[in-house]
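You will see two complexes here that share chain A, one where it goes with chain B and one where it goes with chain C.
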Partner chain A sequence: MITTSPPVALPRRFVRRGADWFLRIREASIILVTIGLVIYFQASTPVFLTEGNLITISHYVAPVAIIAAGQVLLLVSGEIDLSVGHVYALAPYLMHFAIDYYGVPVLPAIAIAIAVGACIGLVNGLITVVLRVPSFVTTLGMLFLISGITLMTSHAYPTPIPEKARSVASWLGAAPWAEITWALIIVAVFQILLSGTRWGLHTVAVGGNQHGASEAGVRVNRVKIGNFMIVSSLGALTGILESFYVNSIEPLAGGANIMFAAVAAAVIGGTALAGGSGTIVGALFGAIVLGVLKDGFNLIGINADRFDLILGIAILAAMVLNVYLARLRTGGRT
Partner chain B sequence: MTEVLRVEHLAKSFDAIVALRDVTMHLDRGEVLGLIGDNGAGKSTLIKILCGFHRPDSGRILLEGEEASFRSVSHARSLGIDTVYQDLALVDELSVYHNMFLNRELIRWPVLRNRAMRRMAKQHLDDMGVNVPDVRVKVARLSGGQRQAIAVARSIYSAPKILLLDEPLAAMGAKEGALILDLIRDLKARGDVSIVIIAHNYAQVLDVCDRVNLLQHGAITFDRPTAETSLDELTDLVVAEYRNSRIPKQIPTA
Partner chain C sequence: MRRHIDARVEEAVDTLALNPVARRRLLSGAGLASAGLAATALLTACGNEQQAGTAGAGNFPVTPKWRFVFVCHVTAHPFFTPTQYGIADACALLNCDYQWTGSKDAVVGEMVGATNAAVSAKADGIALAVTDARAFTGPVNAALDAGIPVVSYNADGEPTNPGTNRLAYIGQPLYNSGRSLAQQLLSIGFTGGDVVCFIATPGSLNIQPRSDGARDVLKESGVAHNFEQIATGTDLPAELNAIEAYLQGHPNAKALLAVDGGSTDALGKTVAKLKLKDKGVLAGGFDLQPGTLESVKGGSLDYTIDQQPYLQGFLPVFMLYLYKLSGGLVSPCDTNTSLSFVTKSNVDQFANVKTRFEGSDTAQKIVPRSGGIPHK
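And now, the complex of A and B:
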């Protein structure tokens, strides 16, 4: 990057301007952290930047990044979805039931599973905006409810991917680079949705000043419900992609772990929990940081017990750096 | 003079609280009407009904002689009624030009036409003499007066027939207040827009308005051209209300 080692020939002024420009990009701090971690792990272990290991990292990153894309939208509009990790577990079962018990063709079955995800988001949204239950509580209830449905209908047993679905398995997550490709496309599409469309502008307006937005005629409830539906649909899609990748449908897949990972990725990437600002590309880098840390610690042989401790410290350090850089960014210079 | 707006027997309650009891008022074309009254008299509720934010419980609204029912703020806006709210309804996290075009964005589907919105916002602010460093700056970084000016600029951007200003001069310095008063005078000079202003500063009301209405306990109790009233009279009216509302309670009814 331009900022790291200034060539002597360049006047300091240009370096300063370059640094200013870079710091003004919202994702700057998290990109710096990512680069730093990659350099550190590559220096520690030569296998870090090999194709095999990059594929491993991509499978840590992809599901978190896809869910985070939706979670960022919802967080920006001032709400949160805790139940998305359980929609992730339910969706592949819905696909399996539709194909194996009701004879639905594969792609419509997947569409049904994702549509059910969207409906769960709709219910979350309606309870939150119409009945005015805080989304933290609404989706906490939904978390247990969906988990219960998954465990009851599956009898808590894993099940193989439906035979008929094998034809589409490779491009739906089984091929090495399939999942991360989905993730990158989804991140790109939703970043454009957030920063380049009316929906994104209204999402920021609703999260930034809900009352003001409604006075300006923005349909606050519609925006929030829509974002609940987006997160839930993406959760369902991710669960299906992941089941193709591991080649099995697991009742305890995803859950609170993946949901918190996605929220952490969003927050590490610079999204405000209070609403009003956020970036999906930042959340992608947040997911990469989490994936790189997890993979890197495995490679250098830090044991599993110590992993959480170091991960926790790493998240806190990343956040402190983030807040510090954000302050530099807004301090005086435009 | 032609009547651009008339409301008859408007009433509105929020649960047990009666905000508007029975409001009948009218607004002529090109007129600036000052709406005064004590806190809690129902001024903001009246404005929010006229702009489509609330729906009245009863009564009717006539827009240029035709009975109208506003389904939403956007609907009222499409009928030519625009509003500057007391809290300005600006989003700090958005830029000046995104705020100016909030909920009336220019779109080349599916994306926003940011460049066109920037250009038009800058042009419009320049025309109005509103000074902003850069329309891409977030509203959070502007002064109170600049924010107010942007809210006013936004509301007149679509050339409304009726403009509702809810305390546009509240919490403003003398210089900033003068800027808004100048804006209102410019609009008045154009003659094609009718304005309702809520204000607490009666001197400013007399200065800029053609007529004054006093709202007390959810009804209009006083309606007179500014030329036929004075600062003392307006002050007395409101203070008298305060006295009257206190003294009778002390007197035994039996």
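And now, the complex of A and C:
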């Protein structure tokens, strides 16, 4: 079943058991893909594992990983949020409006921006579960609506970070490692939420078998709405972190690009699009794979036009490998 | 001597993955002659006594294959096709390598990522379209700290604030070009009414200053008017839709301006489609995309402004190369890639010839011209 041939020096059974154990971890395949990519890029360019470049990679990875953490929860409960990338663009403007126009202190202003994000999630959730509009359609509508609000209120102009917010800038993404630290904490917290709490259990139950869960007493609607709110709040937080990192608030930031990247990271990391199973740590590695690919291609010097082609092939190859390894993992035991 | 150079150029050309015909033409010298002329022009413009070698790169010592990274805000936009040809041609001449990267749709975060990656990768030089006056300050300083020369091209922060410590800007001074756009409008007989200014991405510093310049000139002129700015988007189909929708809803507009290549292209097509010229509407814009030239020729656009995108790729490579070669002694210099009007009277010289310099042809060839050179 397992294809690794153990070195002669070690006892065969021990190695086989070790490999067995590793492959039983749900994230094993994506971790192998990540390691493979890192080895490849380090072999092609010696600067890959330098501190400066790791910081660059961390900025590719962090926003995708944070949004993916929420998106995984939502996907596991059987829904999807397409509007999160536009909440990302709106949130820093809300912070800027609150601070510069209404004199709100910095931290409450950020809290307001994230709370508005949560409210958008609430509306997404209510429309989806109460009015029974499929979440794909609900959030597609919300995508345009939020984008319109952002463009109108900002007059589609970029804006500097509010002066008063400079004091907290380095905590919120301006310091080199700040953003990835946020991402790792959020991934850890939400992985525990998913795999170690009742909320997580209910989320999986709702996505796996909605009627069964409902009959077993799980409040299906509440779980779904809660997860919509989590995604949107995380989208808002990410937008704010990124605006501090870029040092400017941009009307075209985020958008569908970051949303698709987060969904891709979740799916590459082993979350089922149809719901019922998923892992946030896997999505983190999915985000790392995407970030390593993007950064690595820039390091090697691949031109923009060819970039998407190769990225697409790489994602497909990573996915095929992932599915193949997943089959190895569960082979004979399902 | 000549044999020797050709071999080196040939090596560089091999990296370009050209088709055999283009490759042969490139090597046969058509591109070398014209590019060499531009190189000489550059050196003279910089006030440098140094002469370019008599045979292309042949006079320069053997250099490592330096790699220059171009970070662009709309990597797939047709405006930058000639820019990329300019980069490729200059790199072929100088035996350098380049990377064309950035964002497909003006996402500043992606451009910052690409710039930082270029610094990590120890690129030999960076050319950057500074479309945000704050986001690139840090990355450019990091590049300079790492000993990587940085120039800006096509966009250079705000009119009064370049936003980075780049060594030089190669492109059109944007605010002034916007002023010219409106001055030309006044000179062709605008006497007042609604003025609409179409802009792909408002606030983007590669185009917003033009709109501001046009607005200011009209304000200063004292002509009674109503200036409105309309966002169109970054891809042509969306721009067409946005402009057509607006013009159908606002049939009273008297003057239509566009401040980016895509919007100008779309504006010309829409003016023709809605037959707005019959109502005496005046229209003008920027750049020489093939669709725009057809519109000028057909009369639906009164004028368009050329800013020589080819040079915006070609010259940065030469400047970065010379900086590296001279150990920083020959420093990049601000270069205005010119501002000239293309109208019905002179459009033929642009529209009838398909060339690499306007992005309408991939082939290398000598473009013939005859007759006097227009002057004041």
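We take it that the second predicted complex is superposed on the first by the 325 of 334 C-alpha atoms of A that agree within 3 Å, B and C clash if a C-alpha of one lies under 4 Å from a C-alpha of the other, contacts with A are read in each partner's own complex, and residues count from 1 in each chain.
Note that a residue touches a chain if its C-beta (ideal position, glycine included) is under 8 Å from a C-beta of that chain, and two chains touch if they have at least 3 such contacts.
Worth saying up front: this structure is predicted, and the values here are computed from it rather than measured.
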Checklist entry - Does the superposition put A:I192 against chain B (first), chain C (second), both, or neither? => result first
Item to check | Partner chain(s) touched by A:G276 [first = chain B, second = chain C, both, neither] | outcome: first
Next on the checklist: By the touch definition at the top of the document, which applies to A:Y157: first (chain B), second (chain C), both, or neither?
Outcome noted: second
Checklist entry - Taking the superposition as given, does A:N247 touch the first partner, chain B, the second, chain C, both, or neither? => result second
Next on the checklist: I'd like to know which partner A:G208 touches here: chain B for first, chain C for second, both or neither.
Outcome noted: first
Checklist outcome for this item: Of chain B and chain C, the partner touching more residues of chain A is C
Item to check | chain C-contacting residues of chain A that also contact chain B | outcome: none
Checklist outcome for this item: chain A contacts chain C in the complex at 45, 47, 50, 52-53, 55-56, 59-60, 63, 151, 155-158, 160-161, 242, 245-248, 250-253, 255, 257, 294-295, 298-299, 301-305, 307
Item to check | In the complex, chain A residues that touch chain B | outcome: 192, 196-198, 201-202, 204-205, 207-209, 211-218, 276-277, 334
Checklist entry - What part of chain C is in contact with chain A in the complex they form? => result 67, 69, 72, 75-76, 97-102, 104-110, 112-114, 116-122, 132-135, 137-138, 142, 201-204, 231
Checklist entry - Which bits of chain B are touching chain A when the two form their complex? => result 53, 72-74, 77, 83, 85, 87-94, 98, 102-103, 105, 107, 110-112, 114, 133-134, 137
